[in-house]
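Read through the structures below before going on.
Next come two complexes built around subunit A: one with subunit B, the other with subunit C.
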Partner chain A sequence: MPPKKVPQKTGKLDPVWAKPEDLKKPETVGERTQQRINLSTPYHGKDLNDLTADELKIYSHTNLIKPISEGKISLSVKAEREFWKVVNKEKLPIRHVRDNYDWGKDKNGKDIASYTIEELNQRKVKQARYRALSLFSRQFVHLRDQAKRQGAELAETQIEDERKRRREMAALKKDLYGELTAKLVQDPVYDDIIPIPMEEPENALARIAYPDFYAEAISYLRAVMVAEEYTPRCLRITEHVISMNPAHYTVWLYRFKIIQVLDLPIPDEIEWLNEVALNNLKNYQIWHHRQLLLDYYYPKIADDEDAVKKLAKSEIDFVNQILAEDTKNYHVWSYRQDIVAKLGIWTVAELGSTQNMIEDDVRNNSAWSHRFYLVFSDPSQSTKDASPTEHDPKVPESIIERELKYTRDKILLSPQNQSSWNYLRGVLRKAGRGMSTEEGFASQFAECLGEEGEKVTSSHALEMLADASVETGDAEKATLCFTRLAKTWDPIREGYWQYRISQLKEQ
Partner chain B sequence: MTRPEPVFEKDRHIKYWKRCHDTYLPSPYTASDSTRLMWACFTYSALDILHVPFDPEDVANVRTWVLNLQHPQGGFCGSPAHVYKGQAADQGHANLAATFFALVLLAVVAEHGEAGADAYAGVNRQQTLRWLRRLQRDDGSFGQNMWDGQPVGGRDTRHSYLASSVRWMLRGDPEKGSAAEEEDIDMESIIRHIRRGQTFDGGLAEASSHESHAGYAYCSVAALSLLDRPLRFSDGTSHEAVLRGTSDRDHLLKFLADRQFVYLAQDEEEEGVSHDAGEENFIMAQLDSLNIDDSCDYGGFNGRCNKKADTCYCWWAMGTLRMLDSGFDIGASPARRYLLEITQHRIGGFSKVAGAPPDLYHAYLGLAGLALLGESGIKEFDVGLCCSIETTAKIERARAGLIQRAEQDAQSEQEDRFWEQV
Partner chain C sequence: MAAAISQTGAAQTSAYDIPELFRMRPVVVDALETDSSAMQQDTIEECLPFLLGEEDLGPRNNHGIPLLDKQRHLNFLRKQLGPLPGAFMAADPSRPWFFYWCLAAMTLLGEDVAFYRNKLVETVRPMQNATGGFAGGQGQMSHLATTYATILSLALVGGEAAYDVVDRKSMWHWLGSLKQPDGGFQMAIGGEEDVRGAYCASVIISLLNIPLDLPAESPARAAGHSGFFSGLGDWIGQCQTYEGGISAKPSVEAHGAYAFCALGCLSIIDSPHRSIPRHLDLPRLISWLSSRQYAPEGGFSGRTNKLVDGCYSHWVGGCWPLIEASISGPQEGFAAEAVTPATEAGSLFSRNGLIRYILCCCQDLSKRGGMRDKPSKNSDAYHSCYVLSGLSSAQHKWTMKSARLDATVLGSDEWVVTPYLEGQQIFSEDDRLATTHPVYVIPQHKADGIRDYFANKAGF
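Coming up: the complex of A and B.
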């Protein structure tokens, strides 16, 4: 137990003062404030008529001395000396806790008066910490400027310390006041950039509710682009902008230029890009950027067969990783077709990998398309720049047979799958063979046409039979096929089938 | 029992577009910050085709905003993020798509009749046409913007389309030797480039090595069609470039006709929440699942073979067929039922697929698709420029006004010099 204070006997006013130790321990900051108000003004909250004589005396004295002690009334030096002498002698209370004190609210709108004492203490510690950090931060700027004037630079460790400091300050600021600190401001390496904000009138069109600090990031990007600065710190600005707006049409070009100017290793950039691509599956710019990187990098390693092979493998591995998540991603497949040509990936493994994708999903038209390209544009077994729809005598017969067999097998698995039928037609064109050469195969999916018990399991087979008949000049059969498609087996395209019939008549 | 006719909820669409007009687009649109001109154009053009008049003050505001995006060396920047002011003005980057949308938008809000002759006042026609030529590469393709003096960006036919459109909107046919005369883009190479894009299945792509795609098919054919287009659209269009730029027309028609399919609503519903997984297809796996009674209820469209139905491909596929003068009709009533009963959204607009929220892109192209189907309550539509025919007429007038002014300016300048010499 703490030693009890000896009550002061001398003052006449003692009986009316509440003793702090008699009071109940306050739970909140607000309660404590109220207690203090009561302590300094014992008459507080009471009706004047209920005051004891002593209380009344304090009340009147207090109100008399207040204007003077608060400096509202100025006295001559002599009178003031006299005044204080009396105040001292009578032990009149000259300090008051204002009874309208406002503690304010915290970031969550919670009244600070409702904090516990412990919570308030913690808050005060944080505030003190923030002030101390600001001081160090200002000192950092000062030291850096000084160093600069002497043509020197601060050590990287000092910069890193400042970076940490600003991160802590930002966290404190958010914690204490709910204020967010822009990302780039937190890093001292950007201190000398004067951002160029985008100008946006109040009534701008197609306004977007930008995420926090998008405008800040853009304004830094604008500043360094105009300054034509190509440094590692700019690379980080581009990364920051790309994370919010990967479709920005010049940030990628700028980034590419930084890489060129700094002669940064392309494999590192590709590795970075892999992450970005995995997070933005549908983005087009990423793949365009990758293509630029490859166009730039390939000539540097073109003479090194092993390096090219290694690159081809890592590229295909990554493409496969993306396609595993998004099997028909158009940009990725397009990129794949482009690198097959550039890096010469006309391999059995590549053919096998499309085969696997077709096994997984026989309707994956992207995989079928890629296969067609691989088989019929392979420079070792096709005519250079041949159109994909023309007969190419350079394609070996064995390849044609292999592809026909492969496709027929897939059609048997799923007769109503148009991808494989389109592929079959494509192979026939390359082979210079007519549709009628597959009439026998197609017939099994369309039996008893126009008769009792008509059974069609593939409208695409029926269409092929029609085309075969057109080829052989059998207009009657062709008309029958088209009519059956229009009326029963593919009525949604009735207009098209009727048009095909009308074309027959023209011929 | 016959099913009730699907209803075009015009008022809800108007409400949707007004909301887009009045409020901030949600933050996911940040990824399209560089194409804000497109969103602005869709918003005003949608209101236009739905017969909503514009407030004159708003029109002035549109003009100021759009012209502020113009680059001093021609073309328009995609958004304020790409524009610099004052001394650094040249450092911005004009973008081909932005330029297309800027020119359409200025016409959308222009006045009808002679008063609209000033709609392109402030547009730097000469610089923009010269910039357009710089964007063309030797292989005939177009880049999307200039960078270090070179055209950059992909070689796909979106850029061919945009270039061909900007050319039609601005170039006109000034008299030979007149001040407004500008050298043309390389017509032979743009056609050759597009022609190289036909794939083994008859469709079109950036290059024949890629997978065929209805979106690229539209861009390719529309690019050619706009090369063919006379200065006055109402004079009818020849098919010279379209014929030269498509190597196998019959095959292309088949590819486009194949884009429509019987959409099985039940299957997608059963698929449930995963509509964003996106790549499942709802084409009948087997013919026998086709039920004659309701088989043709819904006609969805995809952009590639075996892909899922998506609102916008109704527009891309039907629009392409229209420009090719296909000679046959696509399943119009199933298409309409698909748009109105599957992707037309309760709060207005259209979603990409069933059950998804509406977005500006599909909301606009959904309307465009309906416009092609002749929906009443929507203005007559220009399948090449993707705006109302009225807007096209305003573009023609604005272009004429621009050329006339260029010639007059040159003349008065000459007169000035004449006096200098005296």
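Coming up: the complex of A and C.
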């Protein structure tokens, strides 16, 4: 007796309508889906006239049982028994795989149908992990609310676990769907803040498509500002906003308020600020913030001479560090003047440090301006609040002479440098001296004026000679200087030189 | 007369009538090289091909000047007012500036911007704070710069629906809280105090017809000030530096942008021929302003030994009408055909130099459009606004015909504008822009429109 054929329990029983390509191992998800469709819908897509009687029977039976297997029609017990008999006998497919099934695309726009089976499985594992994590996360919120109702709080370790959980969820979300989770929702510390999102009309002018993470941060910032909350977590929100947009003036003013309310240590804030400043050289809100900090901090240490000196040194050091990168940064120089006045840095070292910058670039007008301030606003040797354009009898003669000599030296180095000439004029004003006192010096840069072999190596010297002549009433010489400037040595300013000439005639 | 257009393009440099001044490197140059001189040298080399006609900027006239490509620039400005990508995130606190820059620039180019009225009104309404003033965006703090930009934008689109957005009473309180004991204004509560604040506040007060009396709670009252403008001129006077220019606040470096703000402010608190010489050393200021113009570039720089930049066409260029008014005073007999000196030297600065720099170097004639700092920089809304303002100012002559009798009657100086027709006209007549008021930097009738509206309102 031949051995009885034992039906394979593990292997599939291939239906008679299966085509060879439906039976090979699928490589991609899409292929597998197609196979399942083919196996569950016998002879689909075939011309019915081409089918044999048996095939036609299977085809029509499959369609007949569909409404029943899908539960659309309910049968009596007897009829149902009959139904299953037929189904089993003919091995008809009970479950029908929907045609045109769309697996969708992943975050990179790749069709998931083109995934390998293994890839799909990995994705499914991640999705399951995400679902599990969100379950735990919801549980955390529930527990915390419960604790709160009882006037208690969760342990820091629980909060830290939740923080980690949310970070993992964010990573999974990004990995699976390419969706970025905003930063603040990842930290349970912010859970009770109800963000106030910006609501703009669709057609608002210059409407900016803010990135989600920025929009989130701003909406949290707005919420805590409206609530007038000044707590460490708010400080962290400001830091987060500043890291994205340091030009946001409101966040800086709010941050300063938090620092005041919490009475935070200013040196720490300054240290943090240094980092921000180095990364944002052109930003000026940083420097106003720094000034506010100093205004607030100085009275606390004013009586401690050493502390003031130490602060002055560290501030100047930092300012120098920034100026080394950006030698004419207006706001940094402006800040430097503030701290000189506030911390009393009227020192030889400060003068020297400015001098170094002039040595590096004798045309650095910001450095010259700072020098003028240091010399002529020093309270020990100048009149308080004297205008920069006025004679100040309190400035010692020795200082005037020192400045004149310094400036003349720099002019000799670079005669056509307007910074040093302007400085020279400034010093003469402070000294109450006329331009004519420098006529001798200026003459060397303008030889044989109006004559054969005229040679001008500084149009600024010529301008000074003109002004000196106006002063001494020598209209003829002044006219000559102005004319030579207009025609040859500085003709872009012709209109101005002509105006000066016309003024001479009025006198 | 319109200059004839040559179709020869860039090739025939010698065919252009370009004065030597704008073709040659400066005659007086020091041998000593430093960072500043190297950068200046680079800038000259960068600009020269544009000035000489070597750079292809489309058709140039026989003065070597390319046309002003208005459509291209208008397109750029329209885009800047439309939806902006996330890269503009940094502009979040300064969006009202975009409204002003774009609307003002479009107006200068001849566009009627009333079309934007509803959109503007709906956009700025939520930026106004109940405590007064407009912020850079929703939920931010009110700021003088953004309030200034918003008010000017509302004036530009015009109409009651725009004017009525402003809550003047809370504005009055808020401005009062910004006025400082030393006479100046903070930009925001707790913000920095500088000359911009003085200018922005005085423009807002003047255009909105805000009562000049300080509210009772103003911190300035402690120092004995009772009015918004009390001590303001003196405070600005302290901002003049030894160079003659104006700094952001007392004792800092002279800077072109602050010069305009200072003169604009002084021209609001009284007529310029009285207030400017009263508070500033005018001869030193004029000399400093004049030395901001460079050749061969033709444009203005903002500080001594810094580079030319298109935006100073306004910040420095826009000072001249106010300087002229402060020198000459009111010209009671002025008629449009009045004679001015025959040469270009009738101006205190080289108008043609500035026009050359603007049309040759500041236009972005690529697909992008818009105006820029200098050829190596990208165009933006800010430079478009101030380059075009400067161009308009160079193409026109503003004369103060009569001065107010009483300093406190703001906006009652009568200004008259005529096309500047002296000397050689190097630009095509089609490229003459619309006019803009020398103090408010919007067209005169727009400034009158908003001021008249509020002048007729009794109380708040």
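As a convention for this text, the second predicted complex is superposed on the first by the 432 of 507 C-alpha atoms of A that agree within 3 Å, B and C clash if a C-alpha of one lies under 4 Å from a C-alpha of the other, contacts with A are read in each partner's own complex, and residues count from 1 in each chain.
FYI, a contact is a pair of C-beta atoms (placed from the backbone, for glycine too) under 8 Å apart; a residue touches a chain by one contact, two chains touch by 3 or more.
Quick caveat: nothing in here was measured; it's all calculated off a predicted structure.
Following the overlay on subunit A, a clash is recorded for the pair subunit B and subunit C.
In the superposed model, A:Leu205 makes contact with both subunit B and subunit C. By the touch criterion defined above, A:Asp326 reaches subunit B but does not reach subunit C.
Once the two complexes are laid over each other on the shared chain, residue contacts for A:Ser60 go to neither subunit B nor subunit C. Of the two partner chains placed by superposition, only subunit C is touched by A:Leu413; subunit B is not. Contacts of A:Gln498 after superposition on the shared chain: both subunit B and subunit C are touched.
When the two complexes are overlaid on their common chain A, residue A:Ser334 makes contact with subunit B and with subunit C alike. Look at A:Asp360: by the touch rule set out above, it reaches subunit C but stays clear of subunit B. Using the contact criterion defined above for the overlaid structures, shared-chain residue A:Arg425 touches subunit B and also reaches subunit C.
Comparing the two interfaces of subunit A, the one with subunit B and the one with subunit C have residues 196, 198-201, 203-211, 214, 218, 222, 225-226, 244-245, 247-250, 253, 257, 288, 327-328, 330, 333-334, 337, 363-366, 369, 372-373, 376-377, 387-389, 414-419, 422-423, 425-426, 429, 456-459, 488-489, 491-496, 498-499 in common. Listed in rising order, the residues of subunit B touching subunit A in the complex are 24-27, 29-37, 39-40, 43, 61-62, 64-66, 78-85, 88, 91, 93, 95, 144-145, 147-148, 152-154, 198-202, 206-213, 247-248, 251, 253-254, 257-258, 260-262, 279, 281, 283-288, 290, 292, 295-296, 299, 304-307, 326-331, 334. Looking at the complex, you find that subunit C touches subunit A at residues 21, 27-30, 32, 34-37, 80-86, 88-95, 98-99, 102, 116, 119-120, 122-123, 126, 135-141, 143, 188-192, 237-238, 240-244, 248-249, 251-255, 281, 284, 286-288, 290-291, 293-295, 298, 303-306, 341, 343-350, 353. Residues of subunit A that touch subunit B in their complex: 196, 198-201, 203-211, 214, 218, 222, 225-226, 244-250, 253, 257, 284, 288, 326-328, 330, 333-334, 337-338, 341, 363-366, 369-370, 372-373, 376-377, 387-389, 414-419, 422-423, 425-426, 429, 456-459, 488-489, 491-496, 498-499, 502. Interface of subunit A with subunit C (complex): residues 196, 198-201, 203-211, 214, 218, 221-222, 225-226, 244-245, 247-250, 253, 256-257, 288, 291-292, 327-328, 330, 333-334, 337, 360-366, 369, 372-373, 376-377, 385, 387-389, 413-419, 422-423, 425-426, 429-430, 456-459, 463, 486, 488-496, 498-499.
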